[in-house]
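Multiple structures are listed underneath, in structure tokens.
Both complexes below contain subunit A, partnered by subunit B and then by subunit C.
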Partner chain A sequence: MPTRTSSDVIVIGAGVVGAACAYYAARAGLTVTVVDRGPVAGGTTGAGEGNLLLSDKEPGPELSLALASAELWRELAHLLPPQIEYEPKGGLVVASGEAGMAALRGFAAGQESAGVRVKEVPADRLHDLEPHLAPGLAGGYHYPQDAQVMPALAAAHLLRAGGDRIRLRLGEEVTELLTGEGGEVRGVRTASGTRLHAPYVVNAAGTWGGRIARLAGAELPVLPRRGFVLVTEPLPRVVRHKVYAADYVADVASDSAALQTSAVVEGTAAGPVLIGASRERVGFDRTLSTEALRRLAAQAVALFPVLGTVRALRTYAGFRPYLPDHLPAIGPDPRVPGLLHACGHEGAGVGLAPVTGLIVAVCVTGGQLPLDIAPFAPGRFAAKG
Partner chain B sequence: MRPSAEPPTAPDLYDLAVIGAGCAGLSGAVTASELGLSVALLDASPQIGGQFFRHPAPATGAARPEALHHDWSLFTGLRRRLEASAVDLLGGHHVWSVVREGGLWAVHAVTGADGGEERAVRVRARAVLLATGAYERQLPFPGWTLPGVVGAGGAQAMLKSGLVLPGRRVVVAGSGPLLLAVAASLAAAGARVPAVIEASGYLGYARHPYALAANPHKLTEAAVHGGALLRHRVRLRTRTAVTEVHGTDRVEAVTVSRLDRDWRLVPGSGRRIACDALAVGHGLAPQIDLATTLGCATRTTPDRTTALVLDTSQETSVRDLWAAGEPGGVGGARLADVEGELAGLAIAARLRGHPARRGRVRELERRRDRMRAFADAMAAAHAPGTGWPQWLADDTEVCRCEEVTTQSVRAAVTDLGARDARTVKLFTRAGMGWCQGRMCGAAVTCLAAQHGSAEALAEPAPERRPFAVPVPLRALGSLDDPAPAPQTVTTD
Partner chain C sequence: MARTPADLVGTRTGPSFEITFGDRPVPARPGQSVAAALWGAGILAWRTTRSGGRPRGAFCGIGQCYDCLATINGQPNRRACLVPAHPGDVVVTQEGHGHASLG
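Let's turn to the complex of A and B:
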């Protein structure tokens, strides 16, 4: 058990990524203190839909990460209680015209050679998968590995599953990183003046990860990318998969600051349909964008006309943590011995949390990494000189 | 007045949009209009009058709607001025959001028949007056979900609009001055009211003698209710609460227990009262969703509701956004009327540049401050004690929409790391249903705070509800492009 103020690892951030880091570290036998200025899942995790997607990722480092993480989620679904609402429901990407279908076909072929299971769905079979889908679509692709969890409960149960090895300190903000004479990490100091000691500190502060890096004198350009999610009244299941139009993939990869919307529509175990999510770079601004909501609603109704008379009960904004190359920062910071980063996952943090946690645990304990982590090196943004 | 269920044919740009046609909204709208401003007055109901002056639809042929109201002349006066004014009355408009668009306010509403025919309407204005009133605060207790348990304010609204009684033998319970008015109305309409069960001690008022002495009107009002209760042999029992409801399909009896100063049960004090309905409420809470979404500053009232911070001219912390009546703290119809007029004068002064009428303003400010002081004294006397969660059984539903029990809420705090109502909601779904936490929010906030870690909890931030009412997706998807479009929402 960790003592009151010292442990093997300190994880800053009690979102799903921090929870996964704590969980895998505890599983490796380490004692962990998780510090968060708010409650569990108080940041982007609590505003997320819980997408575990392979379908939106092009072949490359992020897809490799997602494939490894999808395996780990399947394992966690057996280890954690059913309250995390893991559901391997599968994704369905649809195209409205022939040109879109051709683009989708090329994209899917690349994914298939990278190890993703994909299945083309001709126009006349779309309604077998989704009976309420609009007529006249050109076709689509089915991704059986796409899945979903309830992200806040997933984070809470990952932390609980760590048992006595994980100690939670909620409502405590980290204000300083403690370092030794050689610049190595010794722990953190919180706003109340409490000093917590550990030889390793993990920055899992998500969208606020840049601030933690700065405390250590390291630069990590994590910035917020705002998204709105619409939540409808509870319905019997009218949407079975995660359904979205082919434009979504282009939006995810885009560098544009302007508002982009391509609705991802899905039903939930509890009944409401979730419609997410817009993407725009406006800083930490929670101001309601009726234009973002208008587009999400219009696109969802275009995909599922039956939703037209359904009411949106609420909407909320979240801030995805993105890095300039749209890849997360995972692993040791070369500038500050003992500091590790696990942030910047943009909209994929829930999906990528387990593999991130596993990598962090392996970096601390030593051993075989599940994949090459060079593309996620935290030092990659340092000025070349 | 230009009454209309349709949006105006003129350009949809007004000097002032007033949201809510109760006392505060009517007063603000006619004042501003009489000073030459173009005014749109929106309300969800097709009728004006709000909750306080709720009255039967003309079709019911009620001969004397005023029989259930005191201060009816206040309403008829405002109604006369509205009819003589150029205010555009937009009834049946459910406002779901107010947003800033290109230097103007855009008030978004849905209107039209329920179930598919609803249309999106946008009214633009240079200033907005929020006169959105209040809603009844509920605290859960074992049995509160049984048919026959109704809100106290709801029971009175039923009487006022449809002349329907919730039962023949109705216990009135909870806390707050509204209970006396409800009991008097029920008794006058023919129900037997065996008791009014008030959790606070009315002695609390004695701590604020100046506020009482300065508001003789309120004393008269209390005397009128008191007289009516005496006439109908209704007993007021203070420092008591309904702690259990009996019955299988509907209410057959309630258990009433004595409370200590902190609202903890006095063991062994339970006593059964037979009844076929229970009207219960714990005071009114300001309806401020539209304002908190815009980031308006809030304050905690003496009875622990959240109200808007307003300056002396009734303006919120957000420029060109005013509020009058209950959003600034619950205080009743006469206060709402005064605040509405103050806001109307201030808005006209701002937009027209002509000086406010200082004498009138000073007189109104004096009356407002006096009534506010009294409202605060009453709120302090009826503030919920910290001991009420002790009434709850493990299986008592806290959130009725999502059927979340006390036990689940407590487990979210002790086992899962929730520290506030928002995280309890994420973990349990409490507050995610149709009412969006308006019913259970007070209880969940209190349970989360009581069971949170020992460190001091900051004052909980007001819940953000960007949709003040549910919005059909087709109406939402058919909003026209705002003009001029702000920089951040252009497409390219």
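Let's turn to the complex of A and C:
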């Protein structure tokens, strides 16, 4: 059990990534203190939809990470209580025209050779999967491995599953990184002046990860990428999969700061349908954007005309932690011994949380990494030369 | 004689009219919410919950808690505490999400 002020590892951030880091570290026998200035899942985790997606990722390092993580989520679904609402519902990506369908076919072929299960769905079979889908679509692809969890509960239950090896300190902001004579990490100091000691500190502060890196004198250019979600009144299962238009993939990969929207529609276990996804880089501005919501609603109704007859009850916004190359920072910081990063997962943090937690735990305890983590090296943004 | 809030503030409302709850006529006054009219007739529940089928009616009465949802004139999920009653309004008990026809 960790003592009041010392443990083997300190994790900064009680979002789903921090929770997964704590969980896997605890599973490896380590004691962990999780510190967050807010509550569990109080940042981007609580503002997400809980998507565990392979369908939107092109072959490359992020897809490898997502494949490994999807496997771990399947295992966690058995180990954690049903309240996390793990639902292996599958994704359906649809194309409105032949050109879009051809592009989707090429994209899916690449994914298939990288190990993703894909299945082309001709136009006349789309309604077998989604009876309320608009008529006249050109076709689509079914991704049976796409899944969903309720992200805030998933984070909370990961922390709880760590048992008494995990100690939570909520409502405490980290204001300083404590280092030894050789510059190595010794712990953190919080706003109340409390010193917490550990030989390893994990930066799982998500969109605010750049700030924590700066406390250590390291640079990690995490930027907020704002997104809105529109929530309908509770409905029966009118949307069965996670459904989105093929344009979404291009939006995710884009570097533009301007507003982009492409409807991503899905039902939830509790009944409301969630409609995302908008992306824009406007800093930490929480102002409601009626333009973003108007576009999301129109695009969702274009996919599912039935949604035009129901009401949206509320909306929420969050800030995805965006790194310039769209890859997270995972692993040891080369400049500060004992500091590890686990942040910058953009819109994929819930999906990628377990594999991130496992990598962090292996980095601390030693052992076989689940995959090559060089593409996620936290030092990759440092000025060359 | 019992004093009513309307007497206390000396308000003069127009003549009462009727709405229906199920097959039962319910009197309402101009400006009264649907929830107030139902309460006035001794009706306390007009919805059943989605998972347990338990009865629900007005709780906060000010549009915040979404407990008083009713199907009014065919539209489900109306907050009865906020919707003003109109002559001839048809209120029925909402079962669950009220959108069973969409399944």
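Methods note: the second predicted complex is superposed on the first by the 385 of 385 C-alpha atoms of A that agree within 3 Å, B and C clash if a C-alpha of one lies under 4 Å from a C-alpha of the other, contacts with A are read in each partner's own complex, and residues count from 1 in each chain.
The working rule: contacts are C-beta pairs under 8 Å (C-beta built on N, C-alpha and C of every residue); 3 or more make two chains touch, one makes a residue touch a chain.
This is a predicted model, so every value here is computed, not measured.
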Subunit C versus subunit B on the shared subunit A, clash or fit after superposition: clash
First, second, both or neither for A:Pro234, with subunit B first and subunit C second: both
Contacts of A:Leu293 with subunit B and subunit C, given as first, second, both or neither: first
Broader residue contact with subunit A after superposition on the shared chain, subunit B or subunit C: B
Contacts of A:Gly171 with subunit B and subunit C, given as first, second, both or neither: first
Touched partner set for A:Val306, first subunit B, second subunit C, both or neither: second
Steric overlap of subunit B with subunit C in the superposed model, located at which of 62-70, 116-124 or 476-484: 62-70
Contact residues of subunit A, present in both the subunit B and the subunit C interface: 233-234, 310-311, 313
Touch list for subunit A against partner subunit B, complex: 14, 38-42, 46, 152-153, 156-157, 159-160, 168, 170-172, 192, 230-234, 256, 258-260, 270, 272, 275, 280, 282, 286-295, 297-301, 307-316
Residue ranges of subunit A in contact with subunit C within the complex: 132, 233-238, 271, 306, 310-311, 313
Residues of subunit C touching subunit A in the complex: 50, 66, 76-77, 96-97, 99-100, 102-103
List of subunit B residues in touch with subunit A within their complex: 97, 99-100, 106, 108, 115-116, 293, 295, 402, 415-420, 422-423, 426-427, 429, 432-434, 436, 453, 455, 457, 464-467, 470-474, 476-479, 481-482, 485, 488-492
